[in-house]
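Okay, got some structures for you below.
Shared between the two complexes below is chain A, which has chain B as its partner in the first and chain C in the second.
== the complex of A and B ==
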């Protein structure tokens, strides 16, 4: 029974990783940009929620709704005025600019909030659990997983049911032709990054509620998100969820065997998938 | 009059003479400089070696790696392993450090080459993390907390006694001087080696792959093989540097030896600021980096923030870095690799 419990905890943890990864997957899918500062933006989101909670005395679940439009605006500006300038055939500028951004952001957070670990205030809800037969499930992990599923459903709806989604797909396929049809790729890219940062804010909420965070944990979040994206196959959002689940299960199973193996087991699972299916489990046509 | 192909320019000839003078001064430095200067120079030279190899990888090979700390760490741990477990002298162990990094680089490349562009970058980072976590499990070398080189191993190191006697310094200072000379040899060999490689047929192939992979393939360049050569060469060199750096530090821990900030972020900033894809760039970059560090090191995280912002600005405003700006304005090349035709007459009217 303990194993079933471990695996279910792993699946639920996978929801958190899928939340980390969805923003990365969205941005890559539309503009082939890998944002190396993604993990640090998640941590920044968690600090933003913390500041709102402390200053306004709000519940984190309310604060996140104030943080979302702020992060959307940040993403929009970041993409429009900085990252758009790096896009092109050469892969060096986007990589090096986002890497510089990652280091700058990490140290700005370190300067502003010190290296002490922080945590969003928890209440009865965050520590509650439900009995499902012989297994006890935390409400928080369940909520995280449900949010991940909702985010992915929402993104799929956005992509395939709305005008904006059509613009996203058109720009992703061929930005030049899309611009002939009256679409401004620069604004589409900015909107996409804005939406990615809204998802980042949701991920940040659960990151901050479930565990301690400090300014240095960003890169590790980026790596988990990246692994989930690659395992799932580039561009497939449901694949990303499955990738998150695989990393999550590998980590909890690894930790059950030996606590020191938790992170290592997740990485090994990633390498095994890379060995067997180099293009991930659900690869999209050609990238 | 016959045509000749040259790569030298007047500026490069002057640079070669000045370079030779600089080498003489650098070799003789321990005879007149204090221990602090020697340690600073050791830092500059080892960072320069790391920067040259990352530049070879990213600037010429188009392989942006964020996992170079894997090779620094493996090299460093290989050195500690051979000294502590096999009782070998640290100086020859440096070579084994390079070999160990080379051995690790083969599976790393096997995995990482399955990923393209940006995904290659994060892939190398993941592998570096895996290696760090595995090394942290190695209990005989201190596990997660690390270990030190045994005192008698560092005291009886090759050449230390001769340096002590000749220069009349204490044992600790003599070790620093030895490390400095080794770093100087490594840096000169690296710059010379990279420059030589770029001027050979392989270098030409490399430049072709960098500029346009498809076009290079169509004229018969084996792009895949070039990637392997570049990746393995730079892993070997990075491993040597890692072994040497930790021979000088004499104290190791997985978090320090596999630090992404120290061994990859700094190195990337050095190359980007100096000018990516040139031999001169990392040299300028490491000097700027050292100057910034001396000025701003007391400000802790402000310093890294400045470096990050500077890298962003340079990448947007002058993607070829400081050296790129200078060489665009003046046409100066200290390490020219472009082949130029000279002599002869363009009007071929001999008849």
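== the complex of A and C ==
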């Protein structure tokens, strides 16, 4: 029974990794931009929520709704005035610029908040649990997983049911032709990054409630996000969720065998999937 | 009244003059064919009209307004629609979605306002049965039809067709001609670049001949085709 418990905890942890990864997947899917600062943006989101909680005395669950529009605006401006300038046939400029952004963000956070690790304040809800037969499930992991599923359903609806989603897909397909149809790719990309940072904010909430964070943990979150996206197959959101779950399960199983193996087991699972399916589990037809 | 008027339009890429002092008018509702050997500057002329490239000299008027310095997007909104020589559909979007994108953004309207129009266009271009198929799965004729449909979805007053009949079988070509005739009969002004001459002459009322960026002939298709100069330059026939 302990193994069933371990695997279920791993699946729920996968929800968190899927949240880390969805924003990355969205941005990559639409503009082929690999954002190396993604992990640091998650950490920044967590600090933003912490500041709102501390200054306004709000619950983190309320503060996140204030943080979301702020992060959307940040993403929009960042894409429109910085990252759009790096896009082109050459893939190196966006990598260099977001790598630089990652370092700048880490140092800015270090300067502003010191290297002390922080945590979002917990309450009765965050430590509550429910009994499901012989297994005890934390309310927080359940909420995290449910949020990940909702985010992915929401993104799929956005993509396939709305005018904006159609513009996203058209621009992703062929930005030049899209611009001849009257679409402004620069604004479409800015909106996409804005939405990605809204998802980042949700991920940041659960990151901050679940564990301690400090300015230096961004790159590791980026790696988990990357692995989830690549396992799932680039551009497939449900694949990203499955990728997150695979890493989550591998980590909890690894930790159950030996606590030192948690992180390693996740990376090994990633490598195994890559060996068997180099293009991920649900690759898009032509990428 | 002429819907489009070019006055002394020139364009060079470096030392190469691709459009050389071109002047002509297209009356409202007319279909004008453009012919000329490869490299004569036919597609460049289209790019100048749609605003994808800017002219070095001269003026372009559309519906009486000077659009020489107006962006491609704004020209699209004022009613210039085009199809491309090589079909460029959004491959992962369905046929219907391809039209919706063109219609909503090309006319600045919401999806609700353009839904019926898009279905009408697909009906007219005989693509309605393929409406929900991803554009990447279409045959060549269907792609050409989609290219035409997408230009039509922006409800252009002036429709530019770039070698839309190329590469089709005779039967397919006839089917496409009927569709274009139908569009023309509804009062849309058409400028059509085409190497398939019989397709062109079965629709257009006037022919323009380009050679090395220069307009060397403009008039009744039969007279143009009969002229010695055109036969020599365009068809390379010693007469």
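In this text, the second predicted complex is superposed on the first by the 287 of 287 C-alpha atoms of A that agree within 3 Å, B and C clash if a C-alpha of one lies under 4 Å from a C-alpha of the other, contacts with A are read in each partner's own complex, and residues count from 1 in each chain.
Keep this in mind: contacts are C-beta pairs under 8 Å (C-beta built on N, C-alpha and C of every residue); 3 or more make two chains touch, one makes a residue touch a chain.
Keep in mind that what you see is a predicted model, and the values were worked out from it rather than measured.
Engineer: Determine, under the contact definition given at the top, whether A:278 touches first (chain B), second (chain C), both, or neither.
Structural biologist: Touch partner of A:278: chain B, not chain C.
Engineer: Which partner chains sit in contact with A:183 here, chain B, chain C, both or neither? Use first/second/both/neither.
Structural biologist: After superposition on chain A, A:183 lies in contact with chain C alone.
Engineer: After superposition on the shared chain, which partner residues are touched by A:167: those of chain B (first), chain C (second), both, or neither?
Structural biologist: So A:167 only meets chain C here.
Engineer: Return first, second, both or neither, reflecting whether A:97 touches chain B, chain C, both chains, or no partner chain.
Structural biologist: first
Engineer: Determine, under the contact definition given at the top, whether A:268 touches first (chain B), second (chain C), both, or neither.
Structural biologist: first
Engineer: Could you let me know whether more residues of chain A are touched by chain B or by chain C?
Structural biologist: B
Engineer: Which chain A residues are contacted by chain C in one complex and by chain B in the other?
Structural biologist: none
Engineer: Please output the residues of chain A touching chain B within their complex, sorted ascending.
Structural biologist: 33-34, 36, 82, 85-86, 90-97, 99-108, 110-111, 219, 222-223, 226-227, 230, 260, 263-264, 267-268, 270-271, 274-275, 278
Engineer: Can you name the residues of chain A that touch chain C in the complex?
Structural biologist: On the chain A side, the touching residues are 163, 166-167, 169-170, 172-174, 177-184, 285-286.
Engineer: Which bits of chain C are touching chain A when the two form their complex?
Structural biologist: Touch residues, chain C against chain A: 50, 52, 72-73, 76-77, 82, 88, 90-93, 97-98, 100-102, 104-108, 110-111, 136, 150, 154.
Engineer: Quick check: in the complex, which residue numbers of chain B touch chain A?
Structural biologist: Interface residues on chain B, with respect to chain A: 58, 62, 64, 66, 111, 114-115, 117-119, 121-123, 125-127, 129-130, 133-134, 136-137, 260-261, 265, 268-269, 272, 276, 300-302, 304-305, 307-312, 315-316, 319.
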